[in-house]
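Right after this note come the structures.
Here subunit A shows up in two complexes: once beside subunit B, once beside subunit C.
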Partner chain A sequence: MIRLRKKRLLGAGLLAAVAGFALLGPLHGIDPLRQDLSAALQPPGAAHPLGTDHLGRDLLARLAAGARLSFGFALLAALVSAGTGTLLGLLAALRGGWAERLLLGLADAVQALPALLLVVLVTAFAPGEFLPLYLGVALALWVDFFRIARNTAASVLARPQVEAARLLGFGPGHLLRRHLWPEVAPLVATLFAFAAGTAVTTVAALAFIGVGARPPVPEWGSMMTELLPYYAEAPLALLLPALLIFLTVLGLHLLAGRERG
Partner chain B sequence: MALIVDNLAIHGSEGVLLRPASFTLQPGRPLVLLGETGSGKSLLAQAVMGVLPPGLTATGRIVLDGQNLLAMAPRARRALWGRRIAMLPQEPWAALDPSMRAAAQVEEVDRLVHRRSAAEARQRSAARLDRLGLAGAGRRYPFQLSGGMNQRVALAATEAAGAGLLIADEPTKGLDAALRDTAGALLRAEAEAGRMLLVITHDVALARLLGGDALVMLAGAVIEAGPLPGLLAAPRHDYTRRLIAAEPARWPRWTPRPAGRPIVEAAGLRKRLGGQELFGGLDLGIAEGQVTAIAGRSGGGKTSLGNLLLGLLRPDAGSVRRAGWVAPFGLQKLYQDPLAGFAPQQRLGHGLQELQRRHGLDAAAAQRLLPRLKLAPALLARRPAEVSGGELQRFGLLRALLLAPALLFADEATSRLDPLTQQEIMALLGESVAERNMALLVVTHETALAEAVAGQVIRLGGGERAMA
Partner chain C sequence: MGGLIRALGGRAVQALLVALLVGAACFLMVRLLPGDMAYRIAASRLGYDLVDSQAAEAVRQELGLDRPWPLQLAAWFAGLARLDLGVSLASGEAVATALSIQLGHTLLLSAAALLLSLLIGPPLGALAGLRAGGWWDGTLLALSAALRAVPGFVIGVGLMLWLAVAWDWLPAGGVGGWREVILPALTLALGLAAASSRVARDAVAGVVAAPFFGFARMKGLSDAAAFRRHGLRNAAIPVVAYLGLQLVMLIEGVVVVESLFAWPGIGHALVHAVLGRDIPMIQGTALVMGLLFVALNALTDLACWLLDPRRRAA
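Let's turn to the complex of A and B:
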């Protein structure tokens, strides 16, 4: 248990460090989009603490801006999918009947498609825009929340505690508050951290293959695409966005670990 | 060969849990520790076995065949398990490996404990199962056997280890009367075969079956000791007297009340479960003021019938009609496991407030009922798991009574409670029937209880079926 708490502390620490980086980055006052071709691919130095990319843009400023984008994006997409999925899952378990069958069928259909393909399909409607990207990722992620919420709720609803509450005249609101939520909430919270991690990697992976965020928008995935050809000259420049993705997802996953029982 | 317990006391951080107790256990003569939850009888057995919970210490002497167990290192004591001291598990069907055939579970004791060859182990365990009347059951899995059969498999495995001292902790917990008699006879046979037998129970009937000597325990002390059945025939201590009087067979019969308006009428009820018919063509009516009992063996569909009458379950055939005058929440239920009726995270008082709000009830009604049901107001601040089973069951009764039910269904509501608590709860239910003219439906595996309280007894089920 103590080890688990340590892990979670470490996770929270990592996330705080990434968040701090995102917030403190702009303080050094360089526009992440400002080019200076005479200072391309410079190693870390006084003017550019983390060096520059192939167009002479400041890497610290770009990584920090990317952190805000990736982090904010991941939280938003996870929030939307968690909200939708949990709500629909609880609804399906409580209502049963055709509503449950319909939602289950929908969940199966969504899961039958590779998540990346789904996001690419949605993004194709408006290339380069962020809203379809949010929607696409949320559309791929809600299914997990739906299944967890629906299955947990269904098993709780079969318990004698629920029968007793119904016999005493309590309605769905009471069941939700007193019986379903205490069981579902911790699972959803755990899943939320994992989903946020998935959102970060998904967006980065999409940007890397040229879907979603596009240059010159400072996004970790698209930065990696841009810097890939200069791997030999400036390996650090390519490594940094990859490292940030790694640390963010690791932090989220460590945070998701929780005590059992 | 003997077990001598000399001034054994058990201390915890909060003081003495077991005051010095002494007794001698000889082969062939069972010793029964009789008492309720919290009386210290299980602690005593744990001290003999060497499995006291951490933080507790035992003083005095426990001498087995000339060896003082308390002076031995934990490792050396563990080496005695199975070979010299064996414990028959509570609820054996939970202790057996569900994925292993019955015979294999007995054989492995011979192979692993006594290092016998597979062929020899097979032969010995077959003979053992044969003797316990399980000749055909060796190839079956625990879930294909009845509760009583599983208990015999566990006994065969325990026996195979060949320990001279056998400890049985509540061996009849959850068994109906017929199975209890079988279990008692099996244990007595173990003693007669020359083993030392120590049985822990709150079941007076089992003590009577076993014979030998008994120690009656109360609040961490031995209050009475003597040979059976003499001790039960002429108890000296007031507590022993009450414990014996708490046996349902000795309860005074409830006086039947005149039947009032009908509440539920069932006609031609049929219910199947797992491909087997529980009952069919059953007609049954319950009216105000009536006490009805559904009795019968485990797994016979008693609870299902009660749930059908409450409308919690649909019949496969037939109909259940609820009278028009009965309020929407006029049928209430008490559960076998009191915890099953409560939201686990919610404080009892808070749950009560929600119930009052939901039905627009006067808070004074609950305040009046609390002392009536012997519930301290301080309990309202606790969560369900933080009060005793008896208290929680009374709280469930309070909640049900607030809704002025026409019919209360007590589904084995006292079968997990100590005898005195059971008697108390049933008495409260009887008073509620008399005061409110409500109907009571009791589901029980104890025929004596059914006959003592009910004007109308329905018996379900015939032969023995898998799983108790």
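Let's turn to the complex of A and C:
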């Protein structure tokens, strides 16, 4: 138990560090898009604390903007999918019948394709734009929430105390609040952290291969694509976005606190 | 036998779902993308200099793009059912021909990656499981947790810069002999091994703690003999079953890793098709990747059934 607590604290600490780094951008006050070709690929110095990239853009400003983008994206995508999935899962368990069968079929259909393939298919509608990325990631992620909420809720609803509550005349509102939510919420919270981690890596990976966010958007994955040819001149510039992705995802996994699956 | 047939039947339904999903998405794409599809197809046939509205009209008539959309949708799926995947808008090549070449490359890469991951992950995990709670157990846990937080493309970039650029051991990309396979396969394998080592560790730790294993040791078998005769097969079942879950990681990894290492497989082709808005090619590549996923899953079902006599009896 104590080890689990420590792990979670470490995860929260890592995330707080990256979030603090994201806030450095506005304090630093340099436009992440401003180019200065006479100051390209500079090492860390007074004017640019982390140096500059191949177009002379300030790396601290770009990395911090990338952190805000990744955090915002992960949070929104995970919130949308967690909200939709949990709600539909509880609904399916409470209502049963054709609604449940329909939703289960839908979940099977979505999971027939590997998640990244689904996201790539959705982004194909408008490569380089963010809306399809959000939609694709949320579409892929809601299924896990749906399954876990529905399965947990179904097992809770079969218990004798729920039967008793129903016979006493308590409605679905009471069942939801007193019986279902306390069981479902911790699982959803764990899954939420994993889903946010998946969202961060998906956005970075898609941007890296050119299907997601595109230059000059300051996104970690696309920064790595841009800086890969300059690995010899500016190894730090290539390493930092990778490090930030690693710390963010590791923080989320530790925060989730338990093994996946 | 009944269980196996039911599982394989489920996979057949899944294959059908993949075809429907991909087909519907690509059909929607044709309808929703800005610009005139007939014009674009005509331009891909004749070149943008020679195309005019008459040529576009001819294409419209020929492909029936002016018919109401339910009819078009039906025609689209009829084509899909005949495995008529059309012609790439970018190269003019038949999609099926291009896919048959790319599929070979992707299968080679996937097989190499799976093999490497099985050579790395489960043995390391088994060592940790035999001495659960020991120093190696803790080290491996930290290693695999760290590795699982690194996206595949970051592993790939790291390996490329280290083994191909700094040490010049292996080619950084392309396709040819066996040397080109190693880097992309190793990239995929490390991600897979991070997960499978944990499964193997838990499985082996479970077997070692089981009464039947204690009995085998008590009757005088050595550690190695007891594990070989009584542990290996029992521990292998969850590892193989978990392969099914890992296939998602493998297929997703293939899309990214093939692009990074310029490996001319299906994932690489899919990314190119998306960037070029080459819809027949998107459809073909996504369909084949999805079906590959289902086929590999069916193989995993079969392997589990063969490994575990309890399932055969049920």
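One rule holds in what follows: the second predicted complex is superposed on the first by the 257 of 261 C-alpha atoms of A that agree within 3 Å, B and C clash if a C-alpha of one lies under 4 Å from a C-alpha of the other, contacts with A are read in each partner's own complex, and residues count from 1 in each chain.
Here is the rule we use: contacts are C-beta pairs under 8 Å (C-beta built on N, C-alpha and C of every residue); 3 or more make two chains touch, one makes a residue touch a chain.
These numbers were taken from a predicted model, which means no experiment stands behind them.
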| subunit C versus subunit B on the shared subunit A, clash or fit after superposition | fit
| request: Considering only the touch criterion stated at the top, classify A:F170 as touching first (subunit B), second (subunit C), both, or neither. | output: first
| message | A:A109 in the overlay: touching subunit B, subunit C, both, or neither? Say first, second, both or neither. | response | second
| Regarding the shared-chain residue A:G197, is it in contact with subunit B (first), subunit C (second), both, or neither? | second
| query | After superposition on the shared chain, which partner residues are touched by A:Q161: those of subunit B (first), subunit C (second), both, or neither? | reply | first
| message | For A:F208 in the superposed arrangement: first (subunit B), second (subunit C), both or neither? | response | second
| said: To the nearest 10 degrees, give me the subunit B-subunit A-subunit C angle using C-alpha centres. | reply: 90
| Comparing subunit C with subunit B, which touches more residues belonging to subunit A? | C
| said: Looking at A:L121 after the superposition, I want to know if it touches subunit B, subunit C, both of them or none. Which is it: first, second, both, neither? | reply: second
| query | Given the touch rule stated above, what does A:R178 touch, subunit B (first), subunit C (second), both, or neither? | reply | first
| remark: Once both structures are superposed, the least CA distance from subunit B to subunit C in Å comes to 8
| request: Would you please give the residues of subunit A that touch subunit B in one complex and also touch subunit C in the other complex? | output: none
| message | Quick check: in the complex, which residue numbers of subunit A touch subunit B? | response | 159-161, 163-165, 167-170, 174, 178-179, 182
| field | Parts of subunit C lying in touch with subunit A, wherever the complex brings them together | value | 13-15, 17-18, 20-22, 25, 28-29, 32-33, 145-146, 148-154, 157-158, 161, 165, 198, 245, 247-248, 251-252, 255-256, 259-260, 270-271, 273-275, 277, 282, 286, 289-290, 293-294
| said: Residue numbers of subunit A touching subunit C in their complex, please. | reply: 108-109, 112-117, 120-125, 127, 197, 201, 204-205, 208-211, 221, 224, 228, 231, 238, 242, 245-246, 249-250, 253-254, 259, 261
| Contacting residues of subunit B [partner subunit A, same complex] | 310, 312, 328-329, 331-333, 335, 337, 340-346, 354-355, 358-359, 399-400, 403
